[in-house]
Every structure is written in C-alpha cells, then in structure tokens.
C-alpha cells in the first residue's frame, strides 16, 4: 500500500539524514522499523506524513506513494486526509483539552457524524481505561493512558495506515505489553496497516509481519519479522542476546567495545 | 454615594472597552501562542478607518461598520501572511518582537496616512442614553458594552460548540499534532488573526467615536495588555472580568485617590499597571489563567 | 552562502546610507538645503541653495550689496498631540517667508519696514518628533548651515536647547510658553501669554459677572500633560485665593481619553465647582465638553459651571466640531477669531489664497507660523540694517535684532503689540478672553498680564 | 568492587507525601539511600518516581514528611542550595543549555566552584583568569572521560539524542556531587547506547582512580546513585537495590532477585514476561 | 563561538579564552578606535551630536543585552530605568550639588537598585508576564517622577549644571564626546567580561534553561536580580549621560518607545552578542537619522508628518526583516562573512 522509494532527506538544505531509503508496507500488514538512535527512523516517518516540512526538512530525491498516488509533495494536512495517521513520539496529547475533545480532534476531517460516533465507541472499547476519564483534562492522565489516547486519536481519523513512533518510549513494561496487544488487535480487527518505529525491538518484532533495520540513514537489513528475530546480528545488537542465546549482562560490557557495522 | 455609583458605572463601561480589546489578544495568544503587542495599534488604525468611512466618505453607519470589518479581515490576513507566518516555529521572543515592530509600522502608517492628526466623529454613531437615578451611563460606553457582549457571546459559541473552535483550541496546544491530524494550522492562524483584527477594528470604531482618534490612542492597547495579564493570557472570561475590574478600580482610584496625591494624581494612567504588578507578585499566572500542566 | 551575501549587502547599505548622509552634509550643503523646502524668491534667484557667497548673477538692478541668503525656521514637532498644530505653523512659516521674498516688506501694515533687495530668506525646518535628542541634532545641523535664528517646538525641546542658544547667542521664537523660559531668562522669545497669566485673566473676568454673595469655587480641569500641569503651581493658587476664590482642587484628564472624563466631571459636580481652569483638556476639548453637556453641566445648564481653557485650546479648533454644544466655554489667549475683521486675518487669508490656493490650512496655528516668521525676519532685518548682511552673526541678530523689536503689530491677530528686549522674552502684555455664544466666538475683552510667575530680571 | 564495609545512610526519605490539585503523587514514601550503592526506583508511569526525584532535588515541596541528607533536613529547600550541598541530577527530557557548546554547558556547572567576585570578573585580571583556566582543566577531564572530545565546541542543540544525554551526565559530574540522581538515562536508546551509558554509570560509581588523579569525582567516584529506569535489563544488572513505587506508594524494596519474584511487583509493573 | 583562521592555535586554555586573538583582530580594533576618536576632528557638529547620542545608546543597549540577551529576561522598561538614572543625576547635581564624576556612578547604582525592586517579581513570573511587569515598571516610574514634583520638577523637568570632571569642563561638545566614548569602551569591555564571570555563566544558564540552572546550583532569585541590577546600572549611566548632555532632565526625554528601539537594536545587532549591541544601536539610530533626512522631500509628496511616520516605519521594518531573514542579527552575518573571507579561496 505504502511505497517509499529511494528517498533522500536533508535538513536546512545541508544536513543529509536519509540516504536513499526504500520500504514498503503491505495492506493490512504491520511493519517494524528498528535501528539505532539518530539513524533516521523518525525522519522517515515524518517524510511520509509530511511533517518534515514543518521542521525545515526537505525530501531531495526519490518518491513516496500511497496506493500508487504520489504523496511526497503534499502537505501534512492533505496526507492526513488520504488516510495516513501519525502517532508522534512522546505522547503528544493536547493537554488542556479533555479526553473526548482529543478524540474529536482526531476525527476533524471526517464528515460522517454517525461514523464518528461509532468510532468513538470503538476507541473506548479498545481502551476501556480512558473511557472513565472522557471528561477529564488529558494532561493529567498517566503516561500509559496518554499513549492510549494518542493512538485512539489517530484511530478516530479512520486511517488506512498508522505510523507509530516509539509507542513504548518511557513506558512501564506492563503498559508496553498492553499497548502492543491492543495495537495488534486493531490491526487484525480493523485491517489498518501499521508502520512502527521502535527501540524496543523485541516488542515490535513480536507483532510485526516484516521488519527493516536502519543505520545511519540507510536500510541495512530487512526481512520477515520471524527471520529477523533469529538473525544473529539483530539479536546481539538490538536485543542484547549473545550468540549463545543468553542475555548479556550490562555489568560485563567492556571499556573497549567490539563494534560491528554493516556497510561501514 | 451618587459620586461613587457614577464612578462605578463609568468604570464598568470603560472596563468593557478594555475587555473588548483584550479579547483580541487572548484569541491570538490562545491559538498561536503569539503575544500581540500591536493590538492597540489595530484598534487605533480601526478608529482611523472608521473616521474615514464616516466623515470624509460619509457612508451610512452600518455600511461603515461592515466596511471596517472588511478592513479588519484584510488587515488580519496581511499581518498573518507577511509577518507572522515566516516566523512559525521561532521562539516566543521573536514573535513578541515582530508584533512590537508591527506596532511601529502601524503607528507609522497612521502618521503617513492620516498625518497623525487628531480627528473626531462625534455625532455619527447611534446614541443610546441610559439613566439610573442620578447616575448616567455614557452613551458611547453603552454601545461599547453591547458590542462587547455580542462579540464575546459569538466567540464563546465558536470556541465551545463548533468544529473550527475545536480546531483552534487544538492548534493552540500542539501545532504539529493538529497538522498531522489533517487540520490546516495556517488556516487556523489566519482565521485567528482575522478575528482579532476584526474585534480590534470594531473596538476602534467605537472608541474613536467616544474620544476621537490620534496615534496615541494605541496606548489603550498597553492597558488592555495589563488586563490580559491579569485575566490570564488564555482566558476570554478572565479578560472580561479583569477588564471590568480594572476599569472600575481605575475610575475609583482616579476619583478618590487622585485628590490625595502630592501632584494631582493622574492615577488613572498607571493604576491598571500597579494592580497588575501586585497581582503578578501574588498570582504569577494571573487571576484566571490556566496553570500550565508542568511535568519536570 | 548566497543568502548571507545578500543579507550582508543589505546590512551594509543600511549602515552606510545614513552614515553618508550624516557626515557628508557639510560638503553637499547645496543639495541638502535644496531638499529642505526652499522658499526662494519667485523665479529670480533660483540658486539660493548655495550657502553664503553665491556668485550667481543678481538679476535685479536695484541690488545694493551682494545677494545674501538668510535662514529662518527651526524645529517643528510633527508628531504626537501637537502634530496638526505644528504642521499649520510650518505652513504659515512657508507662506510668510515666500511673501517677504516676493514683496520685500514685513507686512502690509508695516510697509516702511522694508527688506533690502539683496536679501533672500530661506526656510530651514526639520521634524524633532518632540524628542530632545533629535532637536539637538537638528539644531547643530541647522547651525552648521548658517542659521542665525531658530524656533523651538515644545517645552522639553526648548529646555534642551535653552543653554545652547544662550551659548551660541542665537535667538529663537516659540509659541510654547514654558515658564521655565522666563526664569532664568534665556533667548527663547515667546509670543503668547503663559498659561498662568491666561488663567488669571479668566479669573478676573469671571469675577466681574459673579453676583452671589459666597465665594466662587474654582478647580483645575486640565490635561494630564506637561502643558496641562503647567498651571498647577502655588503662585497660581495664591493669586486665585487673593481674588476671593475658594480653591477646590485639580482634576487631570488624559491627553488621549479612552472614555469620556465622566469621573473628573462627576468630581467637579460633587465638589460644587463654579469655574474650572485648564489647558487643552484634551485635543480640541470635545470629549470633555460634550460629556459635560450630557451630564447637564455648563453655562445655562441645570448645573451651572463655566469651563475655561488656556491657549492653545483655541476656540477655532473646537467650534466646527462642537457648534452649540460648546456654548459657554471660555478660552483665554492672544489670537483673535479666525474670521475677525482685522488686517492680520486678511493678510493671512491673502497668503493662503496666494500660496496655497487649493489646500488652504484652516488650523489657527497657521497664524502663529506667520507671526513667528514675522518676528524672526524682523530681527534679521533690524540686525542687517546695522551690520553688513553678509557678515551678520547670530549675536548681532540677537542683540541688534530681537532685543530691538518694538511694537511689532500683528495686524490685530494678537491683542498686544510685541516688544522684546534684553531680559524681556515675553512679547505680549495682555490677554484676550473669548467665549462661545450661540455657536459663535464672542470677544469678551482684554486683560493685562499679571505675571503670576514673575520672570527673574 | 563493593565495599560492604560501610553502608552508611546518605539520604533518608521519611514519610514524604505530595499532592497537586487533589491528585496524590506521593503518599507516605519512606526510603533510605546508602553510601556505596546504586539504588533503582521503578514503577509504572505516573507512579511518582519523577515526583520523588523532584522532591529530593528541591523542585517539589512535599506537603508532609522530611528528607535528610546526612543529618541536614533538605525537604522544601531551594534546588540550587541542594546542588551546592552535593546533589546533582539529570532529567527525563534532557534539560541542557541549548544555545551553548558542550564545553560551555559543562563549564556552566563549575559555576558553584568559582570564587571570583564581580569586579574581578568584569576586569578579567590575574586571579579570575587563573581560576578560569583551572576550571577548564576539570571540564576537559570530564569531556575526556565521557569520550565527547569531538563535540567539545558544538552547540548541544544540534547533537543527537544519545550524545546530549551524555553531555547532561557530564554536566552533573562537573558539579562534583555526592549523590547523583538519574532520571531515565536510557529512555529512547538502543542497546549499544544503553551499554555505553551503563558503562559510564558504573565507571562513575566505581571511580577511575589514577586515570584522573586531580579530579575528585572521577577519581573517587560517586558512591550513591539513584536511578529511575524502565529497562529492567539494565536495572536488574547494575542496581544493588531496587524500590518499587505504584500510585505514589512504595510497594516493594529489595535486591533485584527479591524484586523479580515479588508477586505484587509482577502484578503492578513487570507483567508476565520479566 | 569564535571561529579562528586556520593556522591560529591555542597553546593553552588561557589563550583559548582570550578576547582578541589575532593580529588582524587587533588591527581592526585599532582602526575602529582611531576612527571613533577622531570624529570631532573631521565631522560636522550634527554628526558629532549624533555620535554622542549613539555612544550613550550603546551603553544602554549593553545593559539591555546583559539582561535580555544573556539572562533571557525581556525588558520593555529599559527607558524607564534610564529615566531613573537621568533623574538621579539631575537631582544629585542640581539639588545636591554633587560633582558630576560622583553623581554619575551613583545614578547608575540608583537605577540598578530600582531595577532590583522591579525585578523582584521575576522569580515567580516569566515570559510575557515579565515583559508586562517591565512595561508596568516604566509607567510607574514615569508616574512617580511626575508626582514627586518638589524633587523632580514634575512636568517642568530639572535643569542640570554643566558637567565638570575634576575641574575639566565637559561643556565642550567634543570633550563630552570623548568622555562618552571612553565610557563606551569601558562598558564594552565590562559587558564582554561579565559573560565569563561566575555571574555571566549563571545568566546564560538561566536564559537557556532555568530549570537546569537551578539544579546546577544557580540561585535563580539572586542571579535574576543581579542581572536586573547590572543591566540597569548600564541604563542608569546612559540615562545620566543623556541628561548631562542636554543639561536637562524631562520625562519626555525617555519615551516608552525607546525601550522598544533598544530591544530592536538587540534583534538587529544579534541578541546576546556584545558586538551585536553596538551594531544594532548604530544601525537603528542611523535609520532614524535617515528618516529625518529624507523627511523634507517626502513632506511635499505625502504630508508634513511623513518623516515621523518614516522614522517609525524604517527601523520597524529593519527589525521585521532581520527577524525573518537573519534572526541572529548583524553580528552573525558579520561572523559568517569573516569566516567566508578567512576560508578564501576555498
């Protein structure tokens, strides 16, 4: 459904952050994009959703298309209209609005009142926790609840594709599990495609169909999630499991580190 | 006692005027976090346009009002597009400086365009007289009161119950998020400036009818800023309450304290600022402002 | 990088352009003075731009000496509350200077006071924006161009210049009547009674028609500005009390009111005031007077009170807007009504008809421009009769010019004839009282100045 | 590595309660922080971990309870005073001086050690110049220790996340604290970066001895570190003791092994997987 | 951050921290100083007057730069504090009979103390609230000056005797200019060095992140007040100098809009940069001068008041353009240009 073809992105016209990224999200699939910090994962998401422009970033080459329509030249508003909903990093709830108002903002573009009402109910079914707080100012929700709210808000736009940026960031292990379970359910029950950017490789690959590994603005490895999970390098560098299959202890990390780099 | 009530009523009317101008600030601040110091200048230019439509052009009052609203719309669009949009994403200080510079430009325009002359249009606006016993309400202020109430009611409705109002409140919180949800932030900003300018221009036309117009009229903007600060930067209700409060207090101070001052007083000019400073020391977010939800 | 080049270019232009204009003025005097509105003699001597020794052929055969250009003018505050007034003063100056250049005479009624044909006058002016700093720069600028007379626009500006003027021996005219000009006396020659004296005249006039047995109650209702607060001094209060008044207090109205001054008016009513004195309550005074009428206050209203104002709250400004609403308002000052039947007004009308037929300036301060111009040119003329005009110094103009001015008739514009001298910078000796009756200005008489604030001699 | 010898209490939190706007962020939390230990505080989001750190560092004034630093009462003290007493911290969402370079950021922390008065400084003669140079030396050692030499003169705003976290740690070190509070130092990092930070934390804790003989904090180490972190792998590996908060209450405290098997903790926080 | 030409290395930390590093720097500085100090020799009186006013403005701008540019406390009341300094000097000299050299520093201190008083709310309030508090400060000071008439002369203002420096008369405009310029040089050096002091580092820390500053041991309250004090001492001295220059103190000498222009100078020059304050002061003052110059011809085309309008529009427009296209001001452009030139021909 979504095709990113060989895009290059630079900021302020000088700093190149993506060097020809290509990836694909199939209809109804979950795709995980994993990799080191500063590797360009978030930038990739922003390039897709058009938010890059609001930060003086620029797509300098390649193209992005959604269902064979090019979207790389559009503004974020138009892209959102086409059915891509982004959940930004850092639980960006609209703090002073109530939970329900937050969700209504998500449905801003939609004209079908009945559909919106249904979807509101649906979101509350997925996230029963936030139903209790519907009239509460969202800034006072806990981290996990806020993450649920922003995912719910993105869902209210009735998207075809959702982009999740680090949904587990700064969340307790329990909350991470809960959110990932719901995300998987959303994917299965509503057929929404998902592109998830994650540091928590284990969680992301746990529900993904396919995965891409990104380093320094390049895709260095990709494959079905099952396969990636078993990849030695992924295991060692992203999941902290040594080749013997035992998790490494942080205390044992040496002052000099063995670094393996693809492509460099 | 009559003296007290006279002061009170006059203060109330003046306060509504402050509130009307303050609302212009609040709208802009609420939605785009821009602190518009030029609101007083918008009012002043509005008054000059009101004069031009009513006196040299001799338009009927209602057409003049509509024409003024048109001027407000254009003014809002021009300011937003040329001055504020290039600054999207810049720090708050840059935006404050921009509006200060805009104030300079607008003062300059008033002087270039109308020679900075003092002009009046006294008997053109409809006269409403109201007498409560021995106390009389200034007609122009009464008109201001009515217009303020209408404007506030409309704005409240928009904010509370309409979709565009929701979009405006959402944009106020987080521009990027709202854009990613398909709300055109630039449209919201333009709309916000248009509303603020229209409110300002209408206020200016009314105010000019009371007192005549000259460039220093814009100083009322600074007083209205004190009102905004007192009411809390993002609260329309707060602006109204604070406006009325300051108007009354200012008048009472001028009436009762001025004669006690060593040099005749003139307290009316500074009283709002003194109160504002005192309140700020005790309540740093104003009387009715949202306390930002802070998580360290 | 390209962007930075453009920007830096912009910055350089921004910086160098004014720098060049700033320091180049001595060399390029011709061009800059030409830029300053030149009011040269019609056709004949177009080359007046040149400072002192122009060798351009003098066309007139009657020329006695070398052609000489003398500068008049000074600074004008074309911003703020006085902008419109000062613009009118400027217009009066421009027209008058042109008249003198064309006719070589001081005024139609002073035909014996002629100007030598070789002397042309040129007006130098700049806007000081009511900013003392700017005033100073302009003053230095004009001095460097050879100006020997000057004018000041307002009190702070005058005060900034006062010592310099004494130091440079330059005499200046001013319509602003700051008491500070009088003590210690400097070189700023005023042509209007100072406000305290005007208020004293009003007080005397008011007593003449006071019939009740109790003492009349008087209060100040005046502008909250340096101008308006000028009258609030102990000597004034003492004088009022000595006349038999009961002094009640003072109310100040913001120069630019944002609401009608109901508060202040209510206070007057509350304190049973009979007469208010003030200077320029607000520009044109309309908001105040109009509100007073609405509250039933004024002459012939249910609450009888007389509002009196000092010059420059000229009734002429006030009348067209107010009409009968202004009935009973009193103004003390020195200028006659703009439609008075006196030679001075006819002269002013003639100037307007001749030099600005299509854009007549209706502001009364036009008359002041004419009178100030007349004073400056007369001072120059008197000095030029004693000293070779080409070798004239500012000191000559001060001592042999200004100080020798005697009985300068303004054609009835001002009630008194102007006489100046060493230690006497106040040209007038009496004050005119006018009142609005049936939307008309009615003269109530002239009263001698009481010098409430005596100048130090 | 661990001197079991003296486990003297450095920071004693006694019955601290804090609420804003009717919501109880902390209710009656008591906790001892000892010398010679890394203490981890874990718990679900909104459980009050950061609130507790904020109470310790003086940002929040708890309504009830007291905190003792050695014997001094420090609850409700001003943050800057606490900093000068030897309590340094980092933030969950990096709070650096965005407009300054790495070097200046760390140098700014040396502020508390500068003795020059205003007149000295304004003239910049001998003493203040010598002092400046001395502090530069210390800063350079920290830069060296954290391996951020290459970004010494870069403005921190433009640095990648991981490096900014490191600069923030450096800045805290420059304060030469006795207690170091780290608020989610590894959030948003990948494994490799986490390993780096874990190593730095351990190195700081242990001290570097003769590698940095003139720098007391690098030489002797910071012997009390409080770590708020979600990554259970890191917490279990490097913390000596763990305290668990939930809904503003302390629900468990103990060694990593004890915590791992505590049923209440599993139910409230860890879930099945851990 | 100062970028150095290639080939210049710091041998020790002391050198690395020095203000003037290369020979070219020294040469440039020398040229500027010679240029400035010979102005009375070749320039017209009006240019001399303008230069003196610019000098006074630079001192004031340095103060605002410390407060706003370095400590991040935006003040729109700076001309109010200049007024305090101006009146303090006028009262001390005219009524107290103090000599000028003694009165000037005292007037600076007075302004500083008043600054502290109005800075008191700054601990609890930030941003726009603080801006408005400083606006209030201006109007309250203005009002107080008018009220205490017996001391200040009210609206009449106060006349000041001619300045006298240890028996040397400064009445001569050129002498006064030299005096002001010496103070400008001192003020610049002090402003530059303050940044490297304990206080200066605290200021910058507060500006960039007051939260972090507090955790790093910076006493916010004390340092914010110090910033108010130091910044306003500069303002007070500038105010005193300007009163002494006109030999007259009046409230209209310190209009509210001057505060705006001072902030504008920092924007145009480069916020937080010492040289920026100088560039900005010169640029804005010259633009205003330019407006006065081209006023007369414009008067015929538009109206007699056109010059005033232009005097407002030109500097405002400069501020707007800089905000949009070069928010870091002239000093940054200048640095970029210098780097470009130093890297030439690469």
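As written, the chain order gives the labels A, B, C, D and E, with residue 1 at the start of each chain.
We adopt the following convention: contacts are C-beta pairs under 8 Å (C-beta built on N, C-alpha and C of every residue); 3 or more make two chains touch, one makes a residue touch a chain.
Only a predicted model underlies this, so the values are computations on that prediction, with no experimental measurement involved.
Note on connectivity: the fewest steps through touching chains from chain A to chain E is 2.
The greatest centre-to-centre gap from chain E, using C-alpha centroids, is found for A.
Relative to chain B, the most remote chain by averaged C-alpha coordinates is D.
Distance from the chain A centre to the chain C centre is 75 Å, each centre being the mean of its Cα atoms. For this pair, chain B with chain E, the centres built from the Cα atoms lie 32 Å apart. Spacing of chain C relative to chain E, judged by their CA centroids, is 35 angstrom.
In this assembly, the C-alpha centroid of chain C lies 72 Å from the C-alpha centroid of chain D. Annotation for chain A: residues 140 touch two or more other chains.
Each of the following residues of chain C touches two or more other chains: 78-79, 83, 87, 229.
Residue numbers of chain D whose C-beta contacts span two or more other chains: 59, 91-92.
If you check the complex, the residues on chain B that touch chain E are 29, 35, 83, 86-87, 90, 92-94, 96-98, 100-105, 107-113, 115-116, 222, 225-226, 229, 233, 261-263, 265-267, 269-270, 273-274, 276-277, 280-281, 284-286, 296. For chain B in complex with chain A, the residues that touch the partner chain are 88-89, 163, 166-167, 169-170, 173-185, 290, 293.
Those residues of chain A whose C-beta lies close enough to touch chain B in the complex are 49-51, 54-56, 75-77, 80-81, 85-86, 88, 92, 94-97, 101, 104-106, 108-109, 137, 139-140, 153-154, 157.
The part of chain B that touches chain C in the complex is made up of residues 2-3, 6-7, 10-11, 13-14, 17, 111, 115-118, 120, 122, 129, 136, 138-141, 207, 210-212, 214-217, 219-220, 223, 251, 254-255, 258-259, 263-266, 268-269. Those residues of chain D that touch chain E in the complex are listed here as 57-59, 78-81, 83-84, 88-89, 91, 95-101, 104, 107-112, 114-116, 118, 120-124, 128-129, 132-133, 136-137, 140, 153, 155, 171, 175.
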